[in-house]
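Think of it as A, B, C, D, E and F in the order they're written, each chain with its own count starting at 1.
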Amino acid sequence: MNEKPEHFIVDGKRLDGRRVDELRSIKIEIGTLDRADGSCYLEWGNNKILAAVYGPRELHPRHRQKMTRSVVQFRYNMASFSVDERIRPGPSRRSIEISKVSREAFEPVVFTKFFPKTSIDVFVEVLQAGAGTRTAGINAASLALADAGIPMRGLVSACAVGKVDGELVLDLMKEEDNYGEADMPVVMTAGGQITLLQMDGHLTTEEFYRALELAKTGCDKVYELQRQALIKKYSEEYTAEIEDEYIEDAAPEGDADE
Amino acid sequence: MLMSEDVMTEIQRDHLFNLILKGEREDGRAFDEFREISIETGTIDTADGSARVRLGKTDLLVGVKIQPGEPFPDTPDKGVIITNAELVPLASPEYEAGPPREGAIEIARVVDRGIRESKSLDLEKLCITAGEKVWIVFIDVHVLNNDGNIIDAASMGSIAALLTATIPRAQYSMGDDIPLPVRDIPVAVTVIEFGGALLIDPSLAESTIASTSLIIITNSDGSISGMQKSGAESLKVEQVLQAVDMAKTAAAEIREKFLDV
Amino acid sequence: MNEKPEHFIVDGKRLDGRRVDELRSIKIEIGTLDRADGSCYLEWGNNKILAAVYGPRELHPRHRQKMTRSVVQFRYNMASFSVDERIRPGPSRRSIEISKVSREAFEPVVFTKFFPKTSIDVFVEVLQAGAGTRTAGINAASLALADAGIPMRGLVSACAVGKVDGELVLDLMKEEDNYGEADMPVVMTAGGQITLLQMDGHLTTEEFYRALELAKTGCDKVYELQRQALIKKYSEEYTAEIEDEYIEDAAPEGDADE
Amino acid sequence: MLMSEDVMTEIQRDHLFNLILKGEREDGRAFDEFREISIETGTIDTADGSARVRLGKTDLLVGVKIQPGEPFPDTPDKGVIITNAELVPLASPEYEAGPPREGAIEIARVVDRGIRESKSLDLEKLCITAGEKVWIVFIDVHVLNNDGNIIDAASMGSIAALLTATIPRAQYSMGDDIPLPVRDIPVAVTVIEFGGALLIDPSLAESTIASTSLIIITNSDGSISGMQKSGAESLKVEQVLQAVDMAKTAAAEIREKFLDV
Amino acid sequence: MNEKPEHFIVDGKRLDGRRVDELRSIKIEIGTLDRADGSCYLEWGNNKILAAVYGPRELHPRHRQKMTRSVVQFRYNMASFSVDERIRPGPSRRSIEISKVSREAFEPVVFTKFFPKTSIDVFVEVLQAGAGTRTAGINAASLALADAGIPMRGLVSACAVGKVDGELVLDLMKEEDNYGEADMPVVMTAGGQITLLQMDGHLTTEEFYRALELAKTGCDKVYELQRQALIKKYSEEYTAEIEDEYIEDAAPEGDADE
Amino acid sequence: MLMSEDVMTEIQRDHLFNLILKGEREDGRAFDEFREISIETGTIDTADGSARVRLGKTDLLVGVKIQPGEPFPDTPDKGVIITNAELVPLASPEYEAGPPREGAIEIARVVDRGIRESKSLDLEKLCITAGEKVWIVFIDVHVLNNDGNIIDAASMGSIAALLTATIPRAQYSMGDDIPLPVRDIPVAVTVIEFGGALLIDPSLAESTIASTSLIIITNSDGSISGMQKSGAESLKVEQVLQAVDMAKTAAAEIREKFLDV
């Protein structure tokens, strides 16, 4: 693990050259997995994350079914090679807690009443971890839910705010996360409703107010990227569908049954 | 059973909602008022520090054990805090035997972060031989009766137990016992949102009805060292800001009345 | 842990000043827990024990239900801070065995036939352990069952007999338990029926006969304390109920609905 | 199935009860008579001591392995005994795969206490380097066919396997192999109560019907080193005293006939 | 553990004096266990193995039942004292894999369609291990299934082939297994159909062809021994049944009800 | 659901069977033809070696981590290989969370044996201090999308990840990082039997219908280092011999095209 740097911010620039309110680079691919009903691959800084959604599907065992709504399930999992020191496969206390708060970040926006007795299962796999895996996972999951066609009030968008050298910064990188003074992951709807809020570290009340505002600007930026990715995906698919139809029309009819 | 649990809940929800519209709570408290609090320390002789907390009818015991052990590889010169919460089936008909579930894990992790992030314990002072041996501080929360708001009770109990804990150096032939050095007194306050109103210290009935809460851990100087939204509903920014103010005020009062050392 | 003392009995007095047939001090509080259907807090020497009873209640999973009777379940558990060396939470082989023999100590006296398909769940938490936790737990559980109104043939009462310095002694304290020559926990009904009997150590047949007699006197003493605690509890409640009624009558009628 | 298991049990109970009134048992034995016993030692080459015990149709194998390991912190100069019983599903339609349940745990713990409390093994002689290395004696009971009274068979098998066990010092370059020093021969005898009568060595049918038993472990000098009531019924003091006498007599006979070394 | 020997084959003889195509000695006892529906005890070289079969019997939990066939279950288990270094009780990754391939070695020959909703449970306990426990276990299980009267297309027979000193040898002993160049357990029907095939080590294609032929001769030899054991068992039983009838006839009729 | 899964399977089986009679596969491949293969190495920075393999729509990631640790007692001077496969529920509706089941264990063990038995890794070179410290090579297969034939993809991914892996000596202050020494390139090829025909690289549909497969692992020189029949049907000797030839040819092509270093 790297040593604690002497200064995190020099001349208004962070260790990786970003300004305090700048996000790391984000790359989004929607629908990358074939078996899942919806999926999303997301790179955010050094994070590499896959999210998949299955459902609504019948929930087993039956006694866990709800008669008036669908049950949202969320499993956050780290690949054993995703961090510096290999981790044992399987759930840890940390991943169980993250799974819980992530699930609760989606429950306010998913229309669960439409699908009684079913589950909507969200799976997030952290393939490479580099600070902020829970927010990255939630952003990917948000798009995977959209890709699966699960009816939602809207996307949710996630971003963390932290404090280093006494200053609030958006979207912590690894060194800032390890040695910073505070870490506050936030998940918001486009309308600014908070669906996840955690904070570790040390903030004055005044700093907290500002941190929440900064988180809002971060979530807004993320939301815009998510929206663009969806538009790109759906316009591509739209084109692809037209092409497919064209090809199908062109093929001799008899072949289809073989 | 003539009425299903859902129907019962619906009726209770309406009842509580109507009360809140009138600015009232079932047990007559103000929205920003804790139930009766009692903290008794030194309850358990076999522990190195202990506290029994009663918050209304909620009842739990926190035991602190301090034993030598190995440091984590990435912090070779620091002591270790391990926090665990046991929701034993004696404490509630809803609890079941078995390994801790997400509820118990969340309680333990939030309490742990409150202690850890407030830097309440000076972990460097808990080093015995760097890289080899440090003091491991086990904080075990044992719930005895769940009448709601376990988190706040566990948080009070943990810091009370730590404040009165002793490092058992004599037992390991390392000199005289000394008090565990505690630098700050973080206090968790849980605020629930229900029908637009914010209430602190939810009773079991209140937290069943309003599943969403915001836990806010504040320090002696009023700063915040931990926060956790829990539950399936969303919160507005204004609600969060108001909740922080309510928590800060309540925490200061608890600190002064019950944790003054 | 303390060293083995040279003598356990000097001038007819034990390490803590008791005679060989004397119990440690016992303190009983019935109905201390709000959520449980019945409960009891018991201090016995250095032991601090809580017992709670839930039920009769529907037994899950269903295939474990008995069509003609209730199933008694018993869980003995030690808090991790209840002993000198912290113990890992969760069941151990020791606690599983104690749970089994404790359950069997109650099965002869509980009228299980009255409640088919249900379970009667008894939970004992050892908060502080100081020799004799299983007998202390059973005494507490016996009162918790009574407090829950579970129909029983009668209370059961528990006490251990041991051997130190070649002499039989009632109700072992910690040093006697750790370094003694025998330990024999016994549970009896008021009528002297044995519902639990275990023995570890070394006793001649003749010593065993006498040990059983000594255990009987111990159980009788415990029974008397249990009975007094119940009488005290119920007469208090009786008084309290009268007072409550008085207060209710005095209050303006309209308030009750608020 | 035309008759439920409960009805079957009821009929069998009546049948056995009527027999007992006449002073008889289903297989013609006297109340104080063991089934046919066969103990074969040295059965398993890979074990350091082993015994196969047949008690009527009950069949089990006890393997003893002796390996160096760490002592317990509170007994740094003593060897360690670890006893385990596996009720593998091969042995009975009632047994299931999975971690040991309370039945298997009780068997292991009662057998273990018999060996331990009789001071049959001189644990101090099993110390290699105090505080660092001692011999760990693993006693593994592997049930092959359960036709009742596993405890007594396991107890006989354990002591027979220990009596013929060797400390494998050569394998660990610690000198020549030597016999495991065994000082006493504890024998467990199970007595069940049914319809007022006491019977030893219950068959499977008998122990299904009369669920309550008293296990009594006696030593060569007739003293008692362990006792365990098991099952859901109570016993009278007189019954316990009579059971002890029956157990002592039967144990002496077993010791003489099958465990004479 | 023994050291690797310098040569495995000297003058055409192996370490234990066998030729390359010779089996170790095999001893078979059918029906040794009373509770099981079928059973077999088998010694093969230093291996001591017990197999038992229960079923067809109702399969629990119900959701695992198949409406059109029986489910074959197979559990291979080693006693903790069966090997040099004591092993912890319970399944290991190795025993789970062996259980899987062993089950699949029987599925082609068991008439599962006769018994919908049931399971046929095969349990193999390795009491003493000495190279080749899985093949020994399958041979024992094959006879236990026959003993239980489970309808099968025929017995299956198992044998391993290995390579030592560059030569193919039948039925590896311990040193050959530990230090050899290849190990290939094979299970075949009497008609030469392969129902299990595994190979570890290093074989040229040509060696593999020959190894498969050698395995066939090994399985044929085993089959003959299995067949003889069954004949012996059933003719004994036949005799025994006649004797029993004779005795029954001789007894006074009234006794039967006592 | 109007048609049960069994009926669906029956129809698909008939369809695939009719195709095979005509010498065809659903996706137009020849019987001895792999789907499109893509192997990308160095995918994961946090791993010491990694490869992402796409085999048609099957998609998985193999990560190799190399850490110092203790050798096994019986091979004190050799490094250790530990292979694990995670069939995470993200990858397939059939996969469930929980400890690895027999399917995942078989995948891990077959992949492991391929590496081990081909002597691809020179384990003696992975010794640091004999009897004390060796390099532990963890091979973790993480399945992302299961569209059939996980084994072959995992095998390719494992050897590709090992071929590009680095022993992180600098991280542990043991000198400069060096490439992991790999001596051979074992390749697994899965052949299924269906309706008398043999097909390599089964798609998910094909492997659902024809449950029996033969996995054959061959080395650079054409020799065989591992083999595993999997599934509930039997195979004829001729089929096995033919499968070996198919596997050898396909493996050579994969080795040349995708694993040439």
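The rule is simple: a contact is a pair of C-beta atoms (placed from the backbone, for glycine too) under 8 Å apart; a residue touches a chain by one contact, two chains touch by 3 or more.
Model, not experiment: these values are computed from the prediction.
Hopping across touching chains, the smallest step count from chain A to chain F is 1.
Shared contact partners of chain B and chain D comprise C. Each chain gets a centre from the mean of its Cα atoms; the one farthest from the centre of chain F is C. A centroid comparison over C-alpha atoms places A as the chain most distant from chain D. Between the CA-based centres of chain C and chain F the separation comes to 58 Å, rounded to the whole angstrom.
The distance from the centre of chain D to the centre of chain F, with each centre set as the mean of the Cα atoms, comes to 48 Å. Averaging Cα coordinates per chain places chain A and chain E 52 Å apart. Of all residues in chain F, those that touch two or more other chains are 100. Those residues of chain A in touch with two or more other chains are numbered 85. Taken as a graph of touching chains, this assembly forms a single closed ring in which every chain touches exactly two others. Chains in contact form a single ring whose order, set by starting at chain D and proceeding to chain E, is D, E, F, A, B, C.
Of all residues in chain E, only 33-36, 46, 48, 50-52, 54, 57, 75, 77, 79-86, 89-91, 121, 123-125, 127-130, 258 touch chain D in the complex they form.
Chain contact summary for the complex, chain D toward chain C: residues 6, 73-74, 100, 102, 105-106, 108-109, 113, 117-119, 214, 219, 222-237, 240-241, 244-245, 248. The part of chain C that touches chain D in the complex is made up of residues 1, 68, 85, 93-94, 96-97, 99-101, 104, 107-109, 184, 189, 192-205, 208-209, 212, 216. Against chain C, in their complex, chain B makes its touches with residues 43-47, 50, 57, 59, 61, 63-65, 67, 84, 86, 88-93, 97, 99-100, 138, 140, 142, 144-147.
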